[in-house]
């Protein structure tokens, strides 16, 4: 199938190119690329690395879906970072304060996270729709502000609890936790299932619903979408808010599956990863899943590089160059395909007998 | 030295899907106005872009003043003394008049006072009154065109290509332009002049070359040929006629617009003022007007893409003034936009997805918030067949189709779902004769079935031929009405410019 | 014009007129209170041990507690016969997730390293997990308490050391105004602030202490932004402070540079370093302004821990590395506090005696 | 009515420099009054101005970088990545050959990033933001990797370079001393003005001078030369530019190379910051993005972006030096400003805007009155909050280059 080929060829080329680049960097620094690759692959079988890869991939998948929803409409939600962190923090606070029957408790926490993400994304959405403020700038500013908001919320005299030298929110009772799957070599977060469902939902939303159609239409041509009855302002708001709502979930796998609280040392930086993985996966649910797994593999297996004295940062170069080369590859293939299609259409039509010369009516 | 300022020999240019120029030979004598005629898409602009170095020919050669040249970029052409005023203005709104003119020609006199003085001098010869430091965005079309001409003159061009310079001008402005051209011709300038307005061509040209489907079909002597003969040369057959036969107008009101007002975003200037109109079922209401007089705004306001400042719009008795675009479409308005690539299509999406656009809330392509892809494909196939859209299938991207076929797809889509009103904005612009006739036929049939049509067109023959009633729009107002049975294009033209407010 | 009636003098801080009443140092309570200079336990043979060191963000070369932990390891190599090839260091990355820390510790444990030292409170959760998985491996954690039989918690009474440098600052100031620059407003750093303020007030009850943090909790950029650190310190110096103590990690460099820029022969300004003896780690000539450093002897703790493991008994280790075991203290390199040592040692003795208790919260 | 409209048109028709002068004068006056009434003398001290200058310098360079790229029609969100490359390059060259080499090193490394952005966006037509994100990732990875390879052996720390020698600072004498003397007298308003001005004239380095010179220089180059005209035309209407023989690709490449160079200089400014003379991982801390915001804030114009960077640097300087109380005092200033604007608008009979301003002013004053200080958690991010608020109020007056972010391909215009 040429369609599948055109979807898979660019990322394959890009990965090869990025790998070659890294190999060169490794050789220059006097290390063997093959050994490096070998230990990284070997690391997957070590301890809980495989499970960690799956768990991280689920998180990356969620943030990337959030980014992809924006990308579909050419909106750049750089604010995923702030949205998921604030959402995780508030959800953990709420989850720690209330006590509810098991499933309900978890659901409430999830709903809170979604709402906080949505509300926090609603600010740039409104600013964009009604004041014309670029969402890129406003979300960057809001990322900083969300740091302050978290710090304020987690202060021991607001909702924080001192845990030795760490500050955390009040721990969530078992009733609010999201049970995982114990594999013997680590526990797969229960939220992985939610990530998969989100992917399915995203695919369905995009390809089967009116909203998805309008979203893609707006991204392809804002003017044509408007003429087709799509309300541009409304779409901007919904897309960003939805993106924020999904982003709000990204902190939960760890909060509900492992940490049971939000702490000062809770992870950060997923927002940027989400943008990169969404680009890598070309906003396609299957592509993003692949991108998330690749990213997680690189992140988690890199630990093995320490053992053979290769700087772990080579992985960052790999990640950066794979994203850049994948978008270039997609662009080149896209142009080539469009030209090929135009040629094909022309050729087929020329084949049709004298169609061109005929005057109808 | 030969007599010829420019000679094009055996020029062939292919685009994916079209041969825009095939083996064209064209020789332009020095000091003449050489007109190029041909229907939309015949390949005139492409030929001129090749002469101006914007595009490179696949085959063929160019000679300037007898010497063979190869233009890799417009810079090369400019150096050879060729200038071009484009069909679509090439001006940067946010730059000043002087900046637009000096861009690329700074080497001549710098960008200081000397250059400004020269601009002022040239501006006087073409009747441009704008100050050099005025932003272009504040100029009207005629002035913009003058800026374009000054641009060319400033570069010392001796051979000047004018691609449809009169399309956007009112008759007086055309007269002014022609006066300028004649004066310059006397000074030895050579012009390549493209226009669809055959009377104008006969008035100004010394030689006429007719292009059809990318090929040169012959020359004509402007003194001897009639407009009708010329037109038939262009089309290659009897001219199809946009004539509608018997009236099908009913007394059932479909669209009523009352006291419509629209203010510009920045406030102040009014784009539409006191527009009142009624379209009945089975009626085609034509709106005539020089481009930029509010037709686009009127259509977009009726479609809900702009919010009326005041006034009401009712569709079959229901007030839709506050409704959104989609609600209006659902209520039965179909819309063929004037710029199909920007407003009508999703270029990289397949045809069936384009079928959904504007219908995303309605059967057969959607149901209960969900999209039914199979139904969309099926219904697209129906359109392809019914409207003779030439395509290998419904899964190809819209961008792969030629303009005429894209337009037929749009018309087919907009007539799906039983609309009661069709707003057709320049429905045959840039469409080949075959498709044009097809679209006219479709409109006629729909009208006979009781559809109300609001038709905007710059093609006065089309307007007169199709309409049951014609209104003339000038500076945002409907200033006159005309009976298509009796009115002539000339009278209409006079009314459009405000020269004669009392047309019929 | 009319002179303003509000505000303190701006730049310059020539506040010779400011009277700063000072209390006398507590009477030295006899030799008994002198810190146990003797080692906590006699040196054991560590040649059979394989030691893993998991650094916190920053890793080796941070000129702070990671480096200090490494110094402890090196001392064990030198004095306990630990074989260099039997040691392994791994470092954390910024903003990483819990599982990364778990993997790192597990990796060390799996490869048979024991003891494994986790440097930094960020490891508390991960160590709890991993230590339970490897009951036969000995672990230690710096700056945090993990209650498991095979984990030794190496915590420090940073507030006690900070008390002493606070006292030194109050003795040194001529403007009766001193400053504290915290990197990130987390409890760990607040303990430094608390001790510093108490020490200063103990010496000079009227001393004004400017307390500023570079970033709030959760935004760890404050440990890594010398450009902003320098502005915070300059703000304090410009408003009249003449001794500035930092607990700001990498941003501390900015504090030193600010003090170095502000100091003049007529109106000298002083900086106080943190964690390690920063007079030695900061490049000259900037280090000349460092009058002392609050020492947090992670090296002592790590060395003693390795020694205790080698000897087979970790119970001899103190609950907290405080003044009494030289777990915290102040440095004298550079001679910046030579004239104050007697008084400072009196305070030190009083703390060890229990005459003065230092709170770890502001 | 007519006189009033004339008054309104009067300000609008004043030459740009006069308008800027009025705005600056009003700003200085407002700060002086606020400082006097609230007693927060740090608001107008020369130390604060100097801090603002040091803090704004990297942002200013980044903003200039954004200006060059975006005026040629290319969005450059990769500024952060280019700046990271710049910090590394500056440190690497700087520790070996001194501060001037550091400037060159930062510039060269920034250029590499700019070139990459040009290849991706101009030659390959990749979406500008996508390419920018990728370049930032790459910049981070490359510098970390290179640091491990090259800095670790000499500094003992993979995250940090050895110390780089900084520039000597200098002051414009005797003016600086005279102003310092006036400032020290603590006279109402006079000392405030002297403080604000004095800070600008002392503690200078060649890099600071370069930064401030580059603002008018960019203006002259971009608006007063044919080169600049061609470059800007690529951002306004590349098709038209091409039709006039402008080599659009070439100019976009040049613009991005300059943009990268400027971002790299921003990196060098961080490396040569007196607080830490050297490279430190994560040192840029998002300043590239803030530069971009300052440029948008400044309406894609050199003077405007200087104002944007200055606002950011000033607010950051104030909050770092004097904390929540000073930010709190700024609230007081903001309420005075709002009331002032309301009065102005009432005179112009713009009732609605005036009412909004008045209500906003009252609200801000209420916050000021009912609180003692701004919590540190929010004071720390005051610069971002202020930027966001100003954009929310003013962004509709902004005018980006018309063809910004659009893919342009040779020979495809009509």
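A, B, C and D are the chain letters, set down in written order, and residue numbers restart from 1 in every chain.
Basically, contacts are C-beta pairs under 8 Å (C-beta built on N, C-alpha and C of every residue); 3 or more make two chains touch, one makes a residue touch a chain.
Given the structure is predicted, the values throughout are model-derived calculations rather than measurements.
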Using the contact definition given at the top, which chains are in touch with both chain A and chain B?
D
Measuring between Cα centroids, which chain is at the maximum distance from chain A?
B
Using the stated contact rule, I'd like to know whether A-C or A-D comes out ahead in C-beta pair count.
A-D
What's the distance between the Cα centroids of chain A and chain C, rounded to whole Å?
39
Averaging only over C-alpha atoms, locate the centres of chain A and chain D and give their separation in whole Å.
31
Distance in whole angstrom between the CA centres of chain B and chain C is 77
For chain C versus chain D, what separation do you get between their C-alpha means, in angstrom?
37
Touching two or more other chains - residues of chain A
147-148, 151-152, 155
Spell out, as numbers or ranges, the residues of chain D touching 2 or more other chains.
158, 377, 380
Taking each residue of chain C in turn, which ones touch at least two of the other chains?
94, 185, 215-216, 219
Let me make sure I understand the interfaces: which chain pairs count as touching?
A-B, A-C, A-D, B-D, C-D
Could you pull out which chain C residues touch chain A in their complex?
90, 93-100, 102-104, 106-107, 110, 121-122, 124-125, 143-145, 185-188, 215-219
Chain D residues touching chain A - in the complex, by the definition given at the top:
77, 116, 120, 124-127, 129-131, 133-142, 144-145, 147-149, 158, 286, 289-290, 292-293, 296, 375, 377-378, 380-381, 384-385, 387-388, 391-393, 395-396, 398
Interface residues, chain D side, partner chain C - complex:
36, 39, 41-42, 45-47, 51, 54-55, 58, 152, 155-160, 163, 180, 183-191, 195, 270, 273-277, 280-283, 285, 316-317, 320-323, 376-377, 380
Okay, in this complex, where on chain C does chain D touch?
1-4, 6-12, 58-63, 94, 185, 212-216, 219, 221, 224-232, 234-235, 238-239, 250-251, 253-254, 257-258, 261, 283
Seen from chain A, its contact residues with chain D in the complex are 25, 29, 76, 78, 127, 131-134, 136-138, 140-145, 147-149, 151-152, 155, 272, 275-276, 279, 311, 313-321, 323-324, 327-328, 331-332, 335
